[in-house]
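Right after this note come the structures.
Okay, so chain A shows up in both of these, paired with chain B first and chain C after.
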Partner chain A sequence: MEGRFWTLVFVIFAAAALAACAVAPAYQLWFPGSGEALSTIGARIDHLFYVILVVIAVVFVGVNVALGYVLWRGAKQPSEVKAVYSHGNQTLEVVWTVIPGVILLALALYQMDVWASFRMREFYPQDMRTIAEVTARQFEWRIRYAAPDKTLEADPHPDDVYTVNDLRVPVNRPVAISLRTEDVQHAFFVPELRIKQDALPGKRIPVWFEVTRPGTYDLVCAELCGWGHYKMKGRLVALSEEDYAAWLKQAFEDQFDDGVGEGEKSD
Partner chain B sequence: MSAVTGMTGSVDHAAGAHAAPGFLSRYVFSRDHKVIGIQFMFTTLLMLFVGGALALGIRWQLAYPWEPMPLLGNAFADEGGQIPPETYTMLLTMHGTIMVFLVIIPILAGGFGNLLIPLQIGAEDMAFPTLNMLSYWFMWPAIVFFMLAMHAGAAAGWTAYPVLAVLPQAAPGSGVAQTYWLLGVTLVGISSLMGAVNYMTTIINMRAPGMTLFRMPLTIWAMFITAILQAFALPMLTAAGLMQISDRTLGTCFFIPAGIIVNNADPTVGGGQPLLWQHLFWFYSHPAVYIMLLPVMGMVSDMLACMCRKPVFGYKPMIHSMGAIAGLGFIVWGHHMFISGMNPMLGMAFMISTILIALPSAVKTFNWIGTMWGGRLQFNTVMLNCVAFVSMFVVGGLSGIFMAAVPVDVFFHDTYFIVAHFHYVLFGATLFGVYGALHFWFPKMFGRMMSEFWGKIHFFITFIAFNLTFFPMHLLGMQGMPRRLADPYHYSYLEHLLPLNQVMTWAAIVMGFAQIILFLNFVISSFAGRKAGRNPWNANGLEWIAPSPPPHGNFDVTPVVYRGPYEYSAPDAPDGQDYWLQSDERGGQMAERH
Partner chain C sequence: MNSASMTSNRRTVSLVSLGLSLLLCGCGDAPKARFSWSKETDDLTPMANAWVKRAVLQNFGTPNELVAWERLPVEYGGFAGTVTAVETVEGGGTKLTVKRGEGTTAPASARQLLWKSGARVDEAEPDGVASIVAGETESTVLMAQRLDPVPDVGDEFVLNPGNRLLDGRRSYLKNCMHCHGVAGDGAGPTARYLNPLPRDFRRGVMKFTSTRPGERVSRDDLARTIRDGIPGTYMPSFLLMAPEEMTAVIEYVRWLSMRGEFEKRLNDELKDFSRTAIAEQGKNARLEYEAAVKNDPDAERPPTADELATRAEEDFRGMAEDLEFVFVDAGDLMAGPWERADATDNIITPSIARVADTPESREKGRVLYLSQKTKCYTCHGSTGKGDGPATEDFWAITGSSETYPERGLHDEWGHLVPPRDLTRGQYRGGRRPIDVFRRLYAGIKGTPMPAFGGTGLTDEEIWHLVNYVMAMPFEGPSTTTANPSPTVATSR
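Now for the complex of A and B:
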């Protein structure tokens, strides 16, 4: 009797875990925001996640059914019955080593391409442009853009445009940022795009992505950087190509506005 | 005395070799492996409560941010119980540090390793009893340094990444606190290393006659492999720790690049590389997560066989898979650094090795289920905790596969998904296994049984509260909630997670209090529990032929081993019992069969 109760405890745990995952999307407990990845790489990451999820769900159910079965069977066995005297089974061992091995290896190989295109230079998109330098520091994001129609150089240029905690990028084309930190380690994380990269002291790291929908997304620091880590909040605003150009022009003009009216200038 | 039937062997254990010692040398500076093991267990259980209290502080802040915490709040902070962000960071740092370095690692190798190795291989004691005693006493300066670090507010995480951890101006907790922290880590490392040397030597040299390698219980195999892991991985951590200490105090720059400006201090001179620390740290700390698991895998195998009255399914595959885990465990450390800025090519290699390490873990799971299959199951506290071990390990192992996939880990890294993963393996698997092992070997330690009734109550509450606390963390991770944020609700996309976090916190509080049941059961049973004979579980390992508790020197006479460790329900078992003791000289032909 008692054995069956405990068997149920374990079975109910497994069922509840599955159920929790099944209802999670309805309670905003699945992927953040709309639930859809809003960058091209993000979409591929989500796809991989679902592939793995299917494999894992099958294994989870299988293992728990097996576990529930052996427990249940043991629980209702009369206590006089002797246990099976077996030291194992060579064939079974081979089967349950080779099959998971093949599946796991296939999973590993299947993913390589996504990683390669996200992180390996030779796979970066051809027409990509580095549009901003993002410098993390305790506890804010400083962002530097080239002036309209100029290209961003590694060293600051007098007519560069600066913003704080506000990164603006055009949508629907691959863009890169150059990520660095001025002090300790930080991490550049935009959950809705599924993009994350540590900012490593002493190093400049290119991060590329292509946002697929205009909007404003949270920019989070994901690497412990001190007591104010939690408030190192920024935002990433994705704009259409025209809006982006207009914004940059405006920002440039605002920044270099000397307070003198346009018509009064000599040239 | 029926349990010792058939014990033979030389009677060379000189009775006078262990003259009655005084109180101090018997219970405090004891060189007896059992006493040292029990000392380790008491100390680590105490630390479990300290670490648990810190965790409740973390949970409180996540459920009721910036609200004064009742009771414990005053111990952590001086602002009327409110937890300021630097204290929050300290709490998560010291929680992780204490649980890893002062609870899980020492309770397994130090506690159970000490208790079980000589008993299960039929030895009088460890090879180097004095070294063994020192390995326990080196824990104390480490504890003192960790407490100093806590007091001074160490707050760089249990991983202590430079340059946050190295530059004193980088954070309030990066001053002298981090030096204390590093000294603590170095000292626990020395303690572990002394243990590891001892365990390897003892297992290689001190086995009783007939105890061939492939007659050793899986616990011993696990302890052996763990000791090897420690011996080869720890030097990295020790070296890295000393390097960081010298960066902090002597002005070297192993981990500090040039031109870093923190808090308007002068730019650093530099020349170093913060990634180097990450490599060295994880080169130790990945093997260390298996140091925190393998011994339990061994012990659970032993306990399951006994409680199912069945031989372990696939004894040799179990050993091979532990070996594979240990071997692969040395080449997967980079999976903690996929997005750290290391060469991205390495990500590929580390992904493959990491995904492969799931394979031996799967094989072991299948074999545990195979062991239960067709057994005569005893649903007692020991068994329940062991089944929980298997069931929780499955969750933690499977979530590991998401993170092993580099692209998916880009999203999951440093979110609560990781926190869910390692709590399922370290609490769900390891700690439930430890609960089982405490109940199982308790009679050998104290000659008495722990209460079954309270054992089951404790198990039931802990199991449910554990899952309510930790399963939702997977979902927080899905939402992209980063770990180590003092106030996640600062971000609008996380605001709706507050109610769920409150449920989790209350579950954690219940779970915390349930551990008092365990502690009381442990302490009270040690003097008031039902008396146990030599072999209360009808188990067949050598430890069960010694008196309970065994005297200094362990066995009446040196045992001789005739067969493997799992002869449960053997068809030709002697009358009145369903198992063969390893040292039973009857049925000698069995020896050839296995």
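Now for the complex of A and C:
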């Protein structure tokens, strides 16, 4: 009797875990926002995630079915029947070492592309443009853009445009930010784009992405960086190419406001 | 059950109860929030101290029970309206038809209603509201009880008085209190880890303003500070704060500043009744006596400390009538400048557009920077590194004949403020040319950074200085004129 009870507990637990995963998206407990990755690289990362999820789901189901079966059979056996012990089964061991090994190797090879295009300079998109320098500091994001029609350089220029906690990028084209930190380690994380990168003191790290839909997304810090870590939050605003250009022009004009002739500047 | 399992059971029970008590510790009544008193108030003799505390409490209340003092230029919030018809409802209650005041929308529900004019204006308690039907121009408000005396057509009222202040308090306690303190005294629990320290609002002075020299901070200035934060300090940016919440927290900061300033003004008026002043009196009397007794052994003995204290209390009692004036004066003198702060003619607007950012202009700026007229270099150093000779001096404490014990510049709050390193390109008050212009025009209030605008320098000279200062981070000081940066595209 007791044996059956435990069989049920294990089986029900596994079934509940599967069911919870299945309904999670409907209850907004899956990925943030619409659940869809809103950057090109993010979509590829999600694809990898789902491939792995399927592999794991198959293994999970298989293991639990086998476990349930063994438990159930054992529970049905009269208590006088002695258990059988076995010591070593070369074939079995080779099989269960080689199969996972092959799966892991396949995954490693399969994801290499994505990894390379996200992290290796040689594989960055050709037409990528660095549009902003994002400097993390306790506890905010300070952002520097080049003036309209200029390219961003590593050293500040007198005509640079500055914002805080407000990163704006054009959609549907690969853009990059140059990530730095002024103090401790932080991590640049835009969950809806699936983009995450640590900021390391003394380093300037390029992070590229191509946003696929205009909108406002959370930009958060994903590395415990001190007491105010939880409120190190900004926004990433993705705009159409024209809106972006218009915004940058406006921001530039505001930046060089001399307080005279409010609004109607003679350019 | 054997004894071994008994002990293990007992151990489990005690572990569980230990766990529970750990979970629960810290629960219980939270300490009551209170506005701290300034150290000047604490220094007053008992009667003066009690009087100041009563005056401040009466007009500002406690963190849990805020008081809206109508005399102050604070937008306490709420929905203002005028009665257009009154009707008594069967079975108790009064129904009011009301017209809304400008710029407000009737809320869907309300706690209370406060009369501004008419027969009910003297009722101590605001009336309770049962329900509201909000309309386009006219709304109906059903009162919980039958009103007696009955309000008249034309009577003015406020629904949910003080709502904005309450919203501001909620936001302030959540976002700002841990640095700026409950009373805005800059001494929240996080403050001790920060440098520079969070602003103590209680002097009514803010550093980075767009208003004329000596004037109070405007609401727009506060909005900019809160939205953008202060670069180079721990004051964070609250860019993502909802606009209504921002408006509310700004009003709360203004109100806290006024509370502190009011307390300070009363203290300044009653300076003679501080323990420090009385001790000083005693010391002087003793010195006089010691001098006098050399010639005249029968010279009058100086009063003892006790005698002086009693005398002070008597004097204070004698002041009873003047206190009313002290109080009214403090309120009036304070309300004026805060009222004025947002007026357009109070905001610094350059009389001419920015002078083109040319090498010639920067050279003029450089000459001014190094001149005796501005003495910028004495503080900021001839290379702009913030290491001028003035940082080696012992500076006088404002309003006192003594100097600070350590070398260097101090602000009104008594904290060290090194002159800014201008080569770093970090502008706490904002980096737009107009921001830097205003910084030079009005100085940085509450700090030794002086105001140059108006009489000191012409607007054109200030623009030359702005051009020079803003170019500093990009060029070595010696090459300022020889090698101007080719990328400057700001002369429009």
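The working rule: the second predicted complex is superposed on the first by the 259 of 267 C-alpha atoms of A that agree within 3 Å, B and C clash if a C-alpha of one lies under 4 Å from a C-alpha of the other, contacts with A are read in each partner's own complex, and residues count from 1 in each chain.
The rule we apply is simple: a contact is a pair of C-beta atoms (placed from the backbone, for glycine too) under 8 Å apart; a residue touches a chain by one contact, two chains touch by 3 or more.
The shown structure was predicted, so the numbers you read here are calculated from the model rather than taken from an experiment.
Looking at the shared chain after the overlay, A:170 reaches neither chain B nor chain C.
In the overlay built on the shared chain, the residue A:201 is in contact with chain B alone; chain C does not reach it. In the superposition on chain A, A:139 contacts chain C only, with no contact to chain B.
Considering which of chain B and chain C touches more of chain A, the answer is B.
Of the two partner chains placed by superposition, only chain B is touched by A:101; chain C is not.
Within the superposed three-chain model, A:24 lies in touch with chain B and out of touch with chain C [touch as defined at top]. Once chain A of one complex is fitted onto chain A of the other, the partner contacts of A:183 are limited to chain B, with no touch recorded for chain C. Of the two partner chains, chain C is the only one touched by A:234; chain B is not.
Chain A uses residues 138, 227-228, 231, 233 to touch chain B in one structure and chain C in the other.
The part of chain B that touches chain A in the complex is made up of residues 84-86, 89, 155-157, 161-164, 167, 170-173, 256-263, 270, 273-275, 308-317, 339-341, 344-345, 347-348, 351-352, 355-356, 358-359, 362-363, 365-367, 369-370, 372-377, 379, 384, 387-388, 390-391, 394-395, 398, 401-402, 404-408, 410-411, 413-415, 460, 463, 467, 471-472, 474-476, 478-480, 482, 484-488, 490-493, 496, 500, 566, 568-571, 578, 594. By the touch rule above, chain C contacts chain A in their complex via residues 190, 193, 228-229, 231, 234, 236-237, 239-240, 348-350, 352-354, 425, 431-434, 437-438, 470-471, 473-474, 485, 487-490, 492. Across the complex, chain A meets chain C through its residues 138-140, 142, 147, 150, 156-159, 162, 164-166, 227-228, 231, 233-235, 254-261, 265-267.
Residues 2-3, 6, 9-10, 13-14, 16-17, 20-21, 24, 28-33, 41-42, 44-45, 48-49, 52-53, 55-56, 59-60, 63-64, 66-67, 70-71, 73-75, 77, 79, 81-89, 92-93, 96-97, 100-101, 104-105, 107-108, 111-112, 114-116, 118-120, 138, 182-185, 187, 189, 191-192, 194-203, 205, 218, 220-231, 233 of chain A are the ones that touch chain B when the two sit in their complex.
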